[in-house]
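Inspection log for the structure reproduced underneath, given as C-alpha cells.
Each chain gets a letter, A, B, C, D, E, F and G, in the order it is written, and its residues are counted from 1.
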Amino acid sequence: MMKRVIAGLIVIVLGIFIFTSLYAPKSSEGKFFPEFGKANLSERVSDKFVKKNVTGDNGEVVYKETKDPESGSANMVTSIVVNYRSFDTLGEVTVLFVSALGVGLLLSGKSRMKFKTPPNFILKSAVRVIAGVILITGVYIFIHGHLTPGGGFPGGSMIASAVLLFYLSDDEFKTKMKSFKLLEGTAGSLYLIFGLLGLAYGGYFLYNFLPTGTVGELFSAGIVPIIYIFVGLKVGSELSNLISDFLSEEGK
Amino acid sequence: MIQYIFIILILIGIYGLLTQKNLIKLVVALNVLEVGVNLFIISVGYVNDGVAPILFNGVKTTNSLFVDPLPQALVLTAIVIGVGVTALALTVVRKLYAKYGTLELDEMGSESND
Amino acid sequence: MKKFISTFLTLWVIWIALTNFSTPELLTGLVVSLVLAGIIAKTVDYEFGFSVIPKVLKFVFIYVPVFIVEMVKANFNVAARVLNPALPLNPGFVKVPTKLKGNVGKLTLANSITLTPGTLSIDADDDYIYIHWIDVKGETPEEYQKYVSGKFEKILGGIYE
Amino acid sequence: MNTLIGLLIAIGAFFSIIRLIQGPTTPDRVVAIDTLNVIITGSIVFLAFLFKSELYLDIALVYGALSFLETVVIARYLEGKK
Amino acid sequence: MALNTLILFILLGGLVTYAVSKFNDKAGAYLTILISVVALFVVYTLKDSAGEVLNVFTYGNYSLDLVTSSYAWFFSIVMVIVYAMVSFFNPYWMEKVIHPAAYNLFYVLSLGGTIGVFYSKDFLTLFIFWELVVWSSMFIIPLGKSRRASVVYYGISTIGSFSMLYAILLLNSKYGTFDISTTVSKMAEDPNFAVLFFFLIVMAGLTKLGIFPFHTWLPIAHGNAPHTFSPVLSGGLVKMGGFVAFLMTAVFPTFKVFSNHFQIMGHPFENYILMLLGGISIIIGTLMAIKQDDAKRLIAYSTVSNSGYILIGLALTDQTAFAGGMMHVFNHAMASAAMFLAFAAVAYRTGTTKISELGGLIKKMPVTFAAYLIAIISLAGIPPMSGFASKWLIFQGLIRKGNMFIAFAAFFGSVGSFMYVFRPLAGAFLGQLSPKHEDVKEVPFLMQIPMLIISGLTLLYGVYPGLMLRYIAKIQEVVGIKPIVIDGFKVMTPNGMWDSWIVTLVFGAGFIVATILYFVLPKSKSVGLMDTYTSAEFIHDPDLYHYSANYYAPFERLYANHPSVEKFYDAIALRVKELGQLVRTWFFNENPAFTVFWISIVITAIFMWGDKI
Amino acid sequence: MSAIGYILMIIGALFYVLGGLGLYRMPDVYNRLQAATKATTLGTFSLVLGVGIAQPAWFIKTLLIVVFLTITNPVGSSVLAKASYIYGAKPFKLVKNELDELYNKSRGDENADN
Amino acid sequence: MINPILLIAIPLLFAFLSVMFKTLDKTLLIIAVLFNAFASFALQQGTIIVGGWKPPFGINLVVDQYAAYGLMIVNVVFALAVLTSMSSIKKYSTVLLVSLTSLNGLLMTGDLFNLFVFLEIASISAYILSTMTKNYKGTFNYIILGALGSNLYLLGIIILYATAGTLNMADMHAKLSGINSDVLLLALTFIFAGFAVESKLLPFNGWVKMVYGNTNDLNGAIFASAYATTAIMVFGRLFTQILVVDGTLKTIFLTIAVLTFVFGEIAAFAQRNVRGILAFSSVGQAGLIATLFLSGVTGGAMMQVANNALAKLIMFTIAGAMFVYTGTDNVEKLQGLFKKHKLIGFGFSVAALSLVGLPLFYGFYVKVFALSTLFTLKSFWIPAFILFASLIEGIYYIRMLVKLWNPGEEGKESKDEYTTKLSLENTFAYALLAVVVAAFIIYVSFNPEFITQGISNYLSNIAGGM
C-alpha cells in the first residue's frame, strides 16, 4: 500500500513538472512547445514534404494532374515513410524481422499448441469464407499504400490476421514456416537490393530511381509502391511466423 | 487539452511499472506508456481544422491545411517497434512461466550464482 | 482446379469491389488474385460450378428478402424486450438439428438463426446447431427446428446442396 | 441531419461503454467491447460520408477485420481461463 | 654501458630470462644473477657521474629521461647490492615457486624499475618506473604464502602512487613540466601549492617506507612473500620510499620552501609531521615486532621501526641526523636483507620460519647464524657494526634540537630492538634442536656468498663509517645541507666526536675475551628436548615444551587487545563491500521497479533543480 | 438518392441506440449478446448501405463491407457466447441445457464458476 | 574508399539471406563481419545522404573521424568476438548480423529519430542475444528498462521536433539555442534518461548486472565491447556535439556520471564472480567515459573507449568461456585456472592491467592524458574521484588475477596441488584472441600515437569549425 502511495506521489510530481514545463506561462524567452492544434507546419521540415518541395522545384501539386513531382505518392505519410525517410522504414522492418526471429528462437516448438476447448464450428466455417476477403484486402492495402491511408504495415497485419484466425479456428492448422521464411528473406533482400540499385543508379542508397508518374495513379511514385509490397509481404510473413511460434509447443 | 490525457497515460504506465509485480501486467503497463507516447506524438502534428495528409480529388498541396504527416510516419514506426518489443517480452514471460510456474516476480525467488 | 478457379474469381471480384474498373487496377487485381488463389485455394471454402448463377439469384432474391424481414422482426422483438423487460423469459440452451452438410451452408444458417428473433447460435457439429433461445418452445429437436430454422433450412437447402 | 446521426451513434456507443465499465463479469465487458467495435466500424463508414473521402471505407474494412480478430482472440483467452 | 642502455638491457634481459626459464628455470635463475651483477658493476661505474641526461624512450607526447646524480647513485647502489645478493638464492627457489619463469621475469623487471626510479629526471618517469616496480613485485608476492598480501600491497602502494600521480599531473598542468629540478625552482614562488604538492608526493614515500598509518602491508607482504623476495622488499624496495622522502625534504628542499611556514621545535610543521609519523612508526614497529612468532613478520615489523629512523633522519635535514638517515638507508638495507636471507636459508633447509618450530640451528647452520648475528647487532645499533653509526648520528641531531618525544621514540626503538632481534636468535639458532631438524645441513656455498658479503660490508662500514659518510657529505653539499665532517675514522659533530677505530678495538677486545672464556670454561650439558627427568610423563607434543614458545608471553599480555590500524582498514574494506552490496540491491535489483523508481526520481529531481540550462 | 441514403443512415443509427440499450438493459450475457448483435448488425447494414446509396460511386465497396460485417458480427457473437459459457457465465434463468453434452468432454470434471 | 552505407547494408542483406539459406548462416555471418571489419578502415568520409534528400529533410549519415573511430573499434571487436566463439553462435547468426547492422547505424546516423530506430534494433538484438544463457529474468528486466528508456528518448526528441521542427542532428544543434529553456530542460532530461539506460549510467542501468553477469563467451564480448563502445560513443556525440548541455544541467549529468563510476567500482569490489566483477566494472567504465565526455575531455574519452573495448573483449570472452566450460565463474572455485591456460591468462591479465591503467600499459597513457586535460580545464575533484575509483578497480582486478594465477590457501605456499580441476575447451581460439589483442594493447602501450593520431586529427578538425 505504502508503495502505491509513494509511486502515486512520484508520478503526480513528475506529471506536474512535465505539465508546467511544456505549457509554461509564456514569460520566458525562446521557442515554446506548440499548443495542441497550433502546430505551425511552415516552421517544420514536414512543410516541404507536404508540398513535395524538398528539392525546391515544384509549385502546386494537383491530384491526378501533376506529373513527376519529387515524391509521387498521394499519401504524404507514405511519401515520408517510403521515400523521404525510407531508411527508418528499413530499420522498422528490421525490428520486426529480428523480434520475430527472437520469438522463433525462444519458442522453437515443433508441434502446434492445442487450445483447452475445441474450436467453434461456426467460427471455423466463417474463417474459411472471410479469410479470402481479409487476405485480398491486405494485399490491396499494401499495393495502394501510396494512394490510400494504408501501406505495408497495415497490409501485412491483415495477412497475419487471416493466419491468426485460421490458427484460432482450426486445431489442425499450421503454416508452412519454411515458405514464410523464404518469403520474408526474399522481401527483405529485395528491399535492400532496391536500395542498392538506387545507390548504383542515383548515387544514393534507397534513391527513388524510377519515374514517379502522375500523382494519384496506381502506377506512380516510382519505387514507393514496390517497396511497400516488399514491406507488406515481409510484415505479413513475419507476423505469421510470430503467430506460428507463439502457438507452438515442444513436440509431444 | 487532449495532450494532458496522453501525458497522463504515460504517467499511468510509469505508475504501473512502479507498482506491478505480475509480468503480464508489467508488459501491459509498458504498452500503456507506449500508447501514451504514440498518441502524444500524433498530437504534436495536429493542426486545428487540418485534413489528413493525403491528396485526392480536389485537394491540392497549396489550397489545403494539412496536419503534419511526419509525426504520423514516426508513430507508424514506433508502433511497429512496440509490437516487436511486446512480442519478445511476452515470449520471455512465457519462458519464465515455464521455468518458475508463476507470473509473479516475487514468487520466482532470487537467482544468485555466487 | 475447380477450387483454384472459384477462389481466383472470388478474389478478383473482391478486388474489383475494392478498387475500380480502370485497366491498371484490373490487371493488378488479376495478377494478385491468381497468385493468392494459388496459395490459399486449398485452405478456403470457395468452390462452385456453373450452377452458381441460378443459386446466386435464388440467394439474392429469395433468401435475402426473407432474411431481412426476419432480421427486422427480430429487432422489433429486441425493442419490445428492451422497453418492457417484463416480457416472458423462458431461456435455455438447445440443439437444433440441421440437414445442411457444407460448411458455408451451416454458417449461413447459424448466422441467420443469430439474427432472427430470440435465438443465438453458439456452436455447431455435424448434425446440430446449438443455440441460446430466450423463450424455449417445444420439447423435441424437431419442434425446435420448426420454430427456429425451418424457413431458412428449406431455402438454403436449395442453394447449398 | 449529420449531427443527428452522429448523436444517435454516440448514444449507442455510450450505452456500450456503460456496460463496459459496469461489467459485472468479464464476458459482459467483452460483449460490450465487441458491440462497441461494430458501432465504431459503422461510424468510420459514416465519417467517410461526412468527409466525402472514400479512403475511410478502406479503414472501416480493416477495422472491421481487426475487431473481429480481437473478439476471437479474447474469446479464446476467456476459454483458456476455464 | 650507459644508464639508459643498462635499463633497456635489464628489461630485455628480463624477457630473455623469462624465455630461458620456460625451458630451464634454473638457467633462468642463473641469468638473474648475471643480470643483477652486471647491473651492480655498471651502476658502480656511475659513482661520480652527475647531470648527464639520457633518454629512455618517447612515450606519446612525453619524453622519458634519466639524469645522473650522486644521491641517485647512493640509493641505486644500495638497491642493486640487495638485488645482486639476493639473486644468489634464486636458483634454489625455482622448484619452490609455482611460476618460476614469472618469478625470474618480475625479479629482473623490478630491478630495472628501481634503477629507473632513482635516476629519473622528471616525475613522470619516476612514476612509471615506480609503478613498474610495484606491479612486478606484486606478481611475485602471491607466489608465497598469501594471495591477499599482494592485494594489500597493491592497495596501499596505490594510495601513495595515485596521490603522487595527482600531484605531478597537477604540477604539469600548472607549470607545463614534470621535470624535478625545474619544479624545485618554481615551488619557492608558490608556497601554498608547494604544501599540497609536498604532502601528496611524500605520501607515496610514506606508503612505500611503511610509515604509520601505512605500515600494515609490510608484515603481510614481507611476511608472506616468497622467502627470497622478502629481503628484496624489505631491504630494497622500501628504500624507494626513502628516496621520495629524500627528494621532498632535501632536493625540494623543505627547509627553503617552507622556511617561513609555521614552525614546531624549530622545524617547518611539514617536516615535523614526518618526524612525528617516523616516531610513531618506531614505537609501533617495535611493539609489534616483539610479539611475532614468525621470524619474517618480526623482521617486517622491524622494518617499520627502522623506516621511522630513516624518515626522521631525512626530515631533520641537518648536518648529522640527515647523514645518519642516509646511512641508515644502507645499514637497514643490509641488515634486513641479511636477516631475511638468513631465514630464507633456514626455511630452505627446514621449511619453516616459525620461531617456535625451530631451535638449536647454530650448530647445523653456522654461517647463516653468523650472518644473522652480525645483522642484528648492526640493527640494534651496537658497535662496531655500521648500524651503530647511523643511529648515533640521528640521536645527535635529535638531541641537539631538543626534540624530546622523537628522541624518546628513537631510544625506545633501540631498546626494543634488542628484545625483538634476540627472540629469533634465541629461538631459532640457540636452544634445543627440534628432533625433525636433526638432518639439517648448512645451505650450499652459493647461498652463503651473499650472507658473507653483506656481513663483510656491515662490518666494514661499522669499523670505517667515514668511507660512506664522505660520499653522503658530497650529497649534502649537492642539496645544500651543511655537510658532515669526517676525519679518517673520526666523525665530527657539533656535539662531539666519535672515533670508530677506537670503539672497534674496544669491542673487538671484548669479543676475543668472551670467545676465549667460552672455550676455556666448562660447558653446561646440552639437554635434548625430549629428555625429561622430572617425571615419568611422556611428552607427546615437543612443540609445547619448546622454550621459545610464548617467549615474551608476559610482555605480550600488556597489549594483547591493542587498537590497530589493520582493524581500521579491515573495517573500511568491509564498509566498502557492504556499500557495494547495497548498491547492488538498490540499483541492480531483479525487480525492474527499483530502476524505474530511480529513473522517475532522477528525472523529477532534474526538473526540480535543473532550472537553468 | 441522398434522401434515401439519409433515411437509411438514421435508421441504422437508431438501431445502434437500440443495440446499446439492449446491451445495457438485458439481464445476462446471453441476452445482451442477442439484443446487441441483432441491433448492431441491422444498424450497420442500414447505415453502410445508406452511405453507399448516398454516394453511388462507393456502392460496391459498401456492399463488400456490409457482406463482410454481416458474416463476422453474428459469428463473433457465437464465439463470445461459447466463450462465456465455457468461462462459466451463469445464465439468468435456465429451463433446458443441451449444451453441456457438447462441452462436457473438453471441460472434464472441473465445475466452472465465476 | 568504401561507401559507409555498405557497413549497414551488407550485414542486413546477409541477415535476410541467412533466413532463406539456413545452412549458410554461419558462412554469411563470417563474410559480413570480415567485410565490415576491413571496410571500416577504408571508409569514405563525409556526409552520406540516404535516398537523395538533402539534410535536414532526409536522413543522412555523418561519417567524420569521430564516427570512423567508433566504427573501426566496433567492427573489429565484433568480428573478433564472433570469430573466437564460433561454437556459441548456434542459431544466433541472423541476430548477430542484425545487431552488427544496428551498431553501425547508431554510430553513423545524423538523425535523431533514425537513431531511435537503430537504438531499438540494437536493443532488441541485445535482448535476444541475452537469452543465450537462458537467464530470462535478466532479459525481462532488460526489455522493460530498455523499452522505458527508448520511450523516454522518443518523448524527448518529439518535444524537440514539435518545438524546433527538425530531426536532423546538425540542424537541431543550430536551433537548440532558440528553444525556451523550460522546454529544453524537459526534452534533454528525457533524452538523457532514455539514453542513460543503454549507456549504463547509474541509476538507469538496473539491468546490467543480470545481463552482463550472465553471459557466455560470445554475447558478453559483444555487449561489453561492441555495444558499450557504440552506446558511449553515441552518448558522447549527443551530449557534447548535438544537444550540448551547459550550466546546472551539465553539472547534474556530470554528477550522475561521476557517481556511476564511483558506485560501479564499489559494487564490483563486492563481487566474487568474474562476470559479476566485469559487469560492474563495465558500469564504472561507462561512467568514467561519460564523465570525460561531459567534462570536455573528448580525446581522453575516446582513448578510454578503445582501451575498454579491447580489454573487455578479452576478459568477457574468457569469463564467458569459464562459465560455459566449467559451469562456474566463481573466483574461489577457479583458483589457478590461468596456471593451466597460460596464454589465456596472459591476455586476460594484460587486458585487466591496461584497464586499471598500470604504467607501461595503454590505460596509463589514457589516464595521464585525461587527468592532465581535466586539470587544464580547472577540474580538480573529478581527477580525485577517478583516481579513487581506479584504486578500487585495481584492487579487485588484482585480487581476481592473483587468485586465478596462484592457487593456494591463505597461509600456505601457492602450489599446483590447489589448482582447480576445472578447465576450458576450445582453448586455441581463446588463446589466439587473448594473445593477439593483448599484443595489440602492448603495442599501443608503447606507441600510443597509433590510436591518438586519429583522435587528434579529429579534435583539430572540430577546433577548426564543424
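Convention: a contact is a pair of C-beta atoms (placed from the backbone, for glycine too) under 8 Å apart; a residue touches a chain by one contact, two chains touch by 3 or more.
Just so it is clear, the model here is predicted, and its values are computed rather than measured.
A.B. asks: Which neighbours does chain A have in common with chain B?
C.D. replies: D, E, G
A.B. asks: Treat touching chains as neighbours: how many steps, at the fewest, connect chain C to chain D?
C.D. replies: 2
A.B. asks: Going by the contact rule set out at the top, which chains touch both chain B and chain F?
C.D. replies: A, D
A.B. asks: Let me check something: if the centre of a chain is the mean of its CA atoms, which chain is farthest from chain G?
C.D. replies: C
A.B. asks: Counting C-beta pairs in contact, which chain pair has more, A-C or A-E?
C.D. replies: A-C
A.B. asks: Which chain has its Cα centroid closest to the overall Cα centroid?
C.D. replies: Smallest offset from the overall C-alpha mean is found for G.
A.B. asks: Using mean CA coordinates as chain centres, what's the gap between chain C and chain E in Å?
C.D. replies: The mean C-alpha positions of chain C and chain E differ by 100 Å.
A.B. asks: Provide the C-alpha centroid distance between chain C and chain G, rounded to the nearest whole angstrom.
C.D. replies: 62
A.B. asks: Between chain F and chain G, tell me the centre distance in angstrom, where each centre is the average of that chain's C-alpha atoms.
C.D. replies: Chain centres of chain F and chain G, defined by C-alpha means, are spaced 57 Å apart.
A.B. asks: Distance from the CA centroid of chain B to that of chain C, rounded to the nearest Å?
C.D. replies: Chain B and chain C have C-alpha centres separated by 39 Å.
A.B. asks: Quick check: what residues of chain C touch more than one other chain, meaning two or more?
C.D. replies: Residues 14, 18, 107, 110-111, 121-123, 125 of chain C touch two or more partner chains.
A.B. asks: Where does chain D touch two or more other chains at once, residue-wise?
C.D. replies: Each of 54-55, 58, 61, 65, 68, 72, 76, 79, 82 in chain D touches at least two other chains.
A.B. asks: Touching at least two other chains at once: which residues of chain A meet that condition?
C.D. replies: Each of 7, 10-11, 14, 17-18, 21-22, 34, 39, 44-46, 49, 85, 88, 91-92, 95, 98-99, 102, 106, 116-117, 120, 122-123, 126, 129-130, 133, 137, 140, 144, 148-149 in chain A touches at least two other chains.
A.B. asks: Could you list each pair of chains that touch one another?
C.D. replies: Those chain pairs satisfying the definition are A-B, A-C, A-D, A-E, A-F, A-G, B-D, B-E, B-G, C-F, D-F, E-G.
A.B. asks: Using the touch definition from the top, list the residues of chain E that touch chain G in their complex.
C.D. replies: That would be residues 57, 59-60, 62, 96-99, 124, 127-128, 130-132, 135, 138-139, 142-148, 150-151, 154-155, 158-159, 162-163, 165-166, 169-170, 172-174, 224, 576-581, 583-584, 586-592, 594-596, 598-599, 602-603, 605-607, 609-613 of chain E.
A.B. asks: Which chain E residues qualify as touching chain A in the complex?
C.D. replies: 597, 600-601, 603-604, 607-608
A.B. asks: Which residues of chain D touch chain A in the complex?
C.D. replies: 55, 58-59, 61-62, 65-66, 68-69, 72-73, 76, 79-80, 82
A.B. asks: Using the touch definition from the top, list the residues of chain D that touch chain B in their complex.
C.D. replies: Per the stated touch rule, the residues are 51, 53-55.
A.B. asks: Hey, which residues of chain A end up touching chain F in the complex?
C.D. replies: Residue positions touching the partner: 116-118, 120, 122-123, 126, 129-130, 133.
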